[in-house]
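Same chain, two partners: chain A is paired with chain B first, then with chain C.
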Partner chain A sequence: MDTGEDRLLIPPPAVALTEPPGEAAGDPPRRGQQQNAGFAPWDDPAAVPLIEFEGVSKSYGETLAVDDLSLAIYPREFFALLGPSGCGKTTLMRLLAGFETPSAGTIRLEGRDLGAVPPHERPINMMFQSYALFPHLSVWDNIAFGLRRDRVAKPEIARRVDEMLTLVQLTGQARRKPHQLSGGQRQRVALARSLAKRPRVLLLDEPLAALDKKLRGETQFELMNLQEEVGITFLIVTHDQEEAMVLADRIAIMREGRIEQVAPPRRLYESPASRYVADFVGDVNLIEGTVTESGPGGVRVAAEGIGATLLTAPSDEAATGAPGCVAVRPEKIAIGPAGDGPPPAHNALEGVIYDYAYLGEYTLFRVRTASGHLIEASRLNRSRFDDNPLTWDDRVVLSFEADDAVFLDR
Partner chain B sequence: MAPRSPAPKISRWRANLAAIPPYVWLLLFFLAPFLIILKISFSEAVIAQPPYSPVLSLSDGVSGLWAAVREFTFANYAFLAEDSLYIRAYLSSLTIAAISTALTLLVGYPIALAMARAPHGWRPLLVALMILPFWTSFLIRVYAWIGILKRDGLLNQVLLWSGLISEPLTILNTNTAVYIGIVYTYLPFMVLPLYAALERQDRALLEAAADLGSPPLLAFWQVTVRLSLPGIVAGCLLVFIPVVGEFVIPNLLGGSSTLMIGQTLWDEFFQNRDWPLASTVAVLLVLVLVVPITLFQRIQSRGGL
Partner chain C sequence: MNRFTPFNAVSLTLGFAFLYLPIVLLVIFSFNASQLVTVWGGFSTKWYAALFANKQLLDAARISLLVAFTTACLATVLGTLAAVALTRATRLPGRTLFTAMTYAPLVMPEVITGLSLLLLFVAVGFERGFWTITIAHTTFALCFVAVVVQSRLLSFDRSLEEAAQDLGAPPWRAFVTVTIPTILPAIAAGWLLAFTLSLDDLVIASFTSGPGSTTLPMRIFSSVRLGVSPDINAACTILIAFVTVGVMAATLTAKLRGSTR
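This part shows the complex of A and B:
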């Protein structure tokens, strides 16, 4: 292979990065970063949080499960704690439920310190991962369990239980025992039971983990609609990023007891705060380099390893001379045969197709650059026909818009 | 569709075959001896070898059997009803069995709970420790209790030395000693089924009860105790049934006032050599115990409580 031709095709354009974007280089207008413009109390300085974690730590002997964590969750929010197993997300939820006591810090609900409040007195209910349905009680009695503790009058209990059964569409199953139900039905009983007391906060511990994929997808939307209907704040713990993105208004990515980033799904995916977040949520190409220029027009990064200079969206973290990386998602990268038409204006890399996989809705290509790096690019299969077939060892040009790549310094 | 049916038929036949040995066992070692005892209970005591009459003999054929059956008497049953000693012995046995079962449950439940809540790695060791006493003779262990409980025994020495008492306590040859012996001996039979029931309990259930508003003690009652009920029933029956007929412990640790049916049975059989009456006592004991056993079976077959 002739290395001379495999180098970056196009020299970086002579765009002054101090100029505002979208004019000089003919960039498309910047995409809005705000989704769900109607509901965003976290962006409103006047909003009062429902739950506050303040410097909360939890250690088990030597290991820190939760490490000096602060977080605010707002009323009616659907909030997701997302992370790999052992990241402390379950511990954080159990701290809120009262099953664990923090080693340090305070947890407040509606401004009240929960420190001395035992679990059975907290207006918080939990849907357990194992559902934890009482096996000796019928569906009806399981749902009524919490109401009986509240000394609710009998007719009121009956009314509330029936209401819950209707909500989760289990009216016909009221007299059954948990072991007579399917997994999906059990999950709905668990949900009804935890909602029956109308808690201020509902905690969901991997609520859909035990369901098969198809049922999970349906249930996710049901859960979302339900949350809107009952108007209760939901806090969900999950390791499934798709689940978190479907359900949550905001997602906190946790790692080793700390929060890496808290943001709405779109911001999390499109503007990750760190390599870890970028890599954990979805697929990403991370190209290491050094900042050569940074301004409101973007960040120019000399990616020595791959032998190219890349331009990304502007970043406050990028200081000239600092190391960092360019993160760009596979679907943001356009792939086309080399030498076909005029080369892209910037951020173009040449390589050969090392591997590809047809996945139905899109095709994933793994392209090997002259430097030996593998870059992933995906192409949506909009048509039933492959108009532009690419196969192994084809020479291709990869390119992406500067705005579609982000600079990450950590 | 035709080839579908033969295969399950064969396997069902095989499954039935596998169920035969336990029935053969029961037939040979439970039903047959019971029928012999039952027959003797309808006989009369005589000074002969064997010490009862009539003696069934298969050599005379059906007519001989019929002749023997016509000689059967209910006199022994009538005698048991007349003499209050036997009724008192039955009632006393049932009372002692009930009290000691309750005591064993009281002592055994916390032990089983602690075992079930112990770290995973410890549990096999704890179970092994629980059954470790079985490695030495039951009789020796009961004799050891004589050494502990007697007037100048270990317990009294320790209590006197510690200043808790000034006079030695009389424990040996009282019902208290019998209770101590029974609780000690039968504890594993109570703890193991309780442990089995508690160990498989999902700890999240207790948390769920707390989460739904039950304070710790109530949650313990509603969940832990409630769900261990099959274990409680199994443990209680495993203790209660053999204790009713217990002979060795009351004989060695109990006093003259300790009245138990096992002792009565022994006396009739070996002291008075009245096999028919002893058999009658035994048959009635079985009938008394059949009630709790069938109760237990019905609960179990209904799939728990």
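This part shows the complex of A and C:
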């Protein structure tokens, strides 16, 4: 039996770099083209958002799950809500689906207030974390469920269901019941079912959490291709930052019912808005200090604790005399033996190697400064041979470019 | 621990013997050719033939089956609704109390249930007969249905219902098209349980019956007081068969459907 488990959900485009032959004018652009064409409606003041949250709050008794939150999501966007469990991301999604009603604020879809619209009348479909496949119905009937509720004509239902089955490559499994399918197949049935009605927005609640690691990696790319193919706005809830970064055009980092930052993956990683974001996405060194000078040339921070003066990229938030911290990612820090040539002009920290770990693609060093702080620096293993090996207790100098460090005031 | 040791064999045998020896004896003696109940006189099915000629017993059996059927249907509807309400209304104040109150009749002595219902029927001037028995049976049977259905509902994934709503089904429709089919095994088990409980009952029926509405257990009990005749054994055997089939079907429907997911 061919389970289709190991194949890609959507075949990758045969010609990736050129216009696919015979593509109709109305077809959605590929991701590459989107990026080339600068798919960034959030930066375009004329762009009309598809979904708007305006001052939305949701409280359960004393606890505030969503706290005065405003957010705009644009058509065709793949948007991710990322945060630890209990940050309110699932509540936000359920508010949009209509399973929860906001305690305050408005949610609009295409300018229409969704306040009084019950879940079954919203042109929004959801893929549940548990998949929520109807156990008493076959795969075919599961996918047809939504179309039947809409009183779509029978031949049209048959056509659409078959189309969906082809899309998720489950044509051979149409007559099976959900319990006869593998986890990956169930996930695809859930996806097909929620796409069958061609919703304006597809909500995905931790869609890949139940899959094993290898399958998850493949499915991420399948999902991305699928979104481009169907041209529907996707909103995904996840706690896995890699998943969010692979899939999403923009990511919202949530914390305690509020949004910390909304940005495309690269901006989120390279220009975090707060310590929380910098720390949540990837690894980071946070060095506390006081601003001594701020201007277009950068921010000069006196890091009293570590006993160094650091220079970061320019920041509007930095005011002279204000406390803050310098955030620098381990891979942006160069590590070299101490006393080997003249020390770098700025942003140099001396220390000894406290610990290191060889991780294959890179080696991670933990360096202890004289002040006792631990700074992480990583070095890409570009060669199979380590030309100047560093080991425990070696004296080293850490340095980084001012532009690679970010000043954070919160 | 899962090995079949002599100790296990002995305790199992003793347990089952304790439970079923009297019943086995009754079944054996229902095939007794002798007029005397306790003396074996050879195999015969004549008491079954006699049974089907006994109009009183047949009438009682007909009433019992009718009462049991009506009770099962009413109790299933009411018990399921109660179970749904108790499972869903998580923010209802005093929910625990309500749940306990649903379960209380399970352990309430039947004499008390019967007596209190009798008092009620007399107080409101309800003429006793078929419907009073049915109402009385429904009262206690619905508790059993509620328990069975509630245990299934607790493990029911609410997101199934949400998924149905999400796909365009209004709440009632989601309940009918998704929830009911999913908990159907439990509902069916509840129906069968209510049916057999009603068929079994003697005490409550005695309190609430009226002229012309004697149930099978009542008829059997009254004829036994005048002396056990072998055709009663035959009637009991048939009753046992009914109840056994009912209970086994209830268990199996709940179990089979449970194991497929």
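Assume the second predicted complex is superposed on the first by the 373 of 410 C-alpha atoms of A that agree within 3 Å, B and C clash if a C-alpha of one lies under 4 Å from a C-alpha of the other, contacts with A are read in each partner's own complex, and residues count from 1 in each chain.
We take it that contacts are C-beta pairs under 8 Å (C-beta built on N, C-alpha and C of every residue); 3 or more make two chains touch, one makes a residue touch a chain.
All values derive from a computational prediction rather than experimental measurement.
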_Partners on chain A (chain B, chain C) - clash or fit_ = clash
*Answer with first, second, both or neither: which of chain B and chain C does A:Asn125 touch in the superposed model?*
both
*In the superposed arrangement, what residues of chain A touch both chain B and chain C?*
97-99, 118-121, 124-126, 128-130, 132, 134-136, 145-146, 149-150, 193-194, 197
*Write out the stretch or stretches of chain C touching chain A in their complex.*
157, 159-160, 162-171, 173-174, 177-178, 181-182, 184, 260-261
*Where on chain B does chain A make contact in their complex?*
202, 204-205, 207-216, 219, 223, 226-227, 305
*How about chain A: which of its residues touch chain C in the complex?*
97-99, 118-121, 124-126, 128-130, 132, 134-136, 145-146, 149-150, 177-179, 193-194, 197
*Of all residues in chain A, which touch chain B in the complex?*
97-99, 118-121, 124-126, 128-130, 132-136, 145-146, 149-150, 193-194, 197
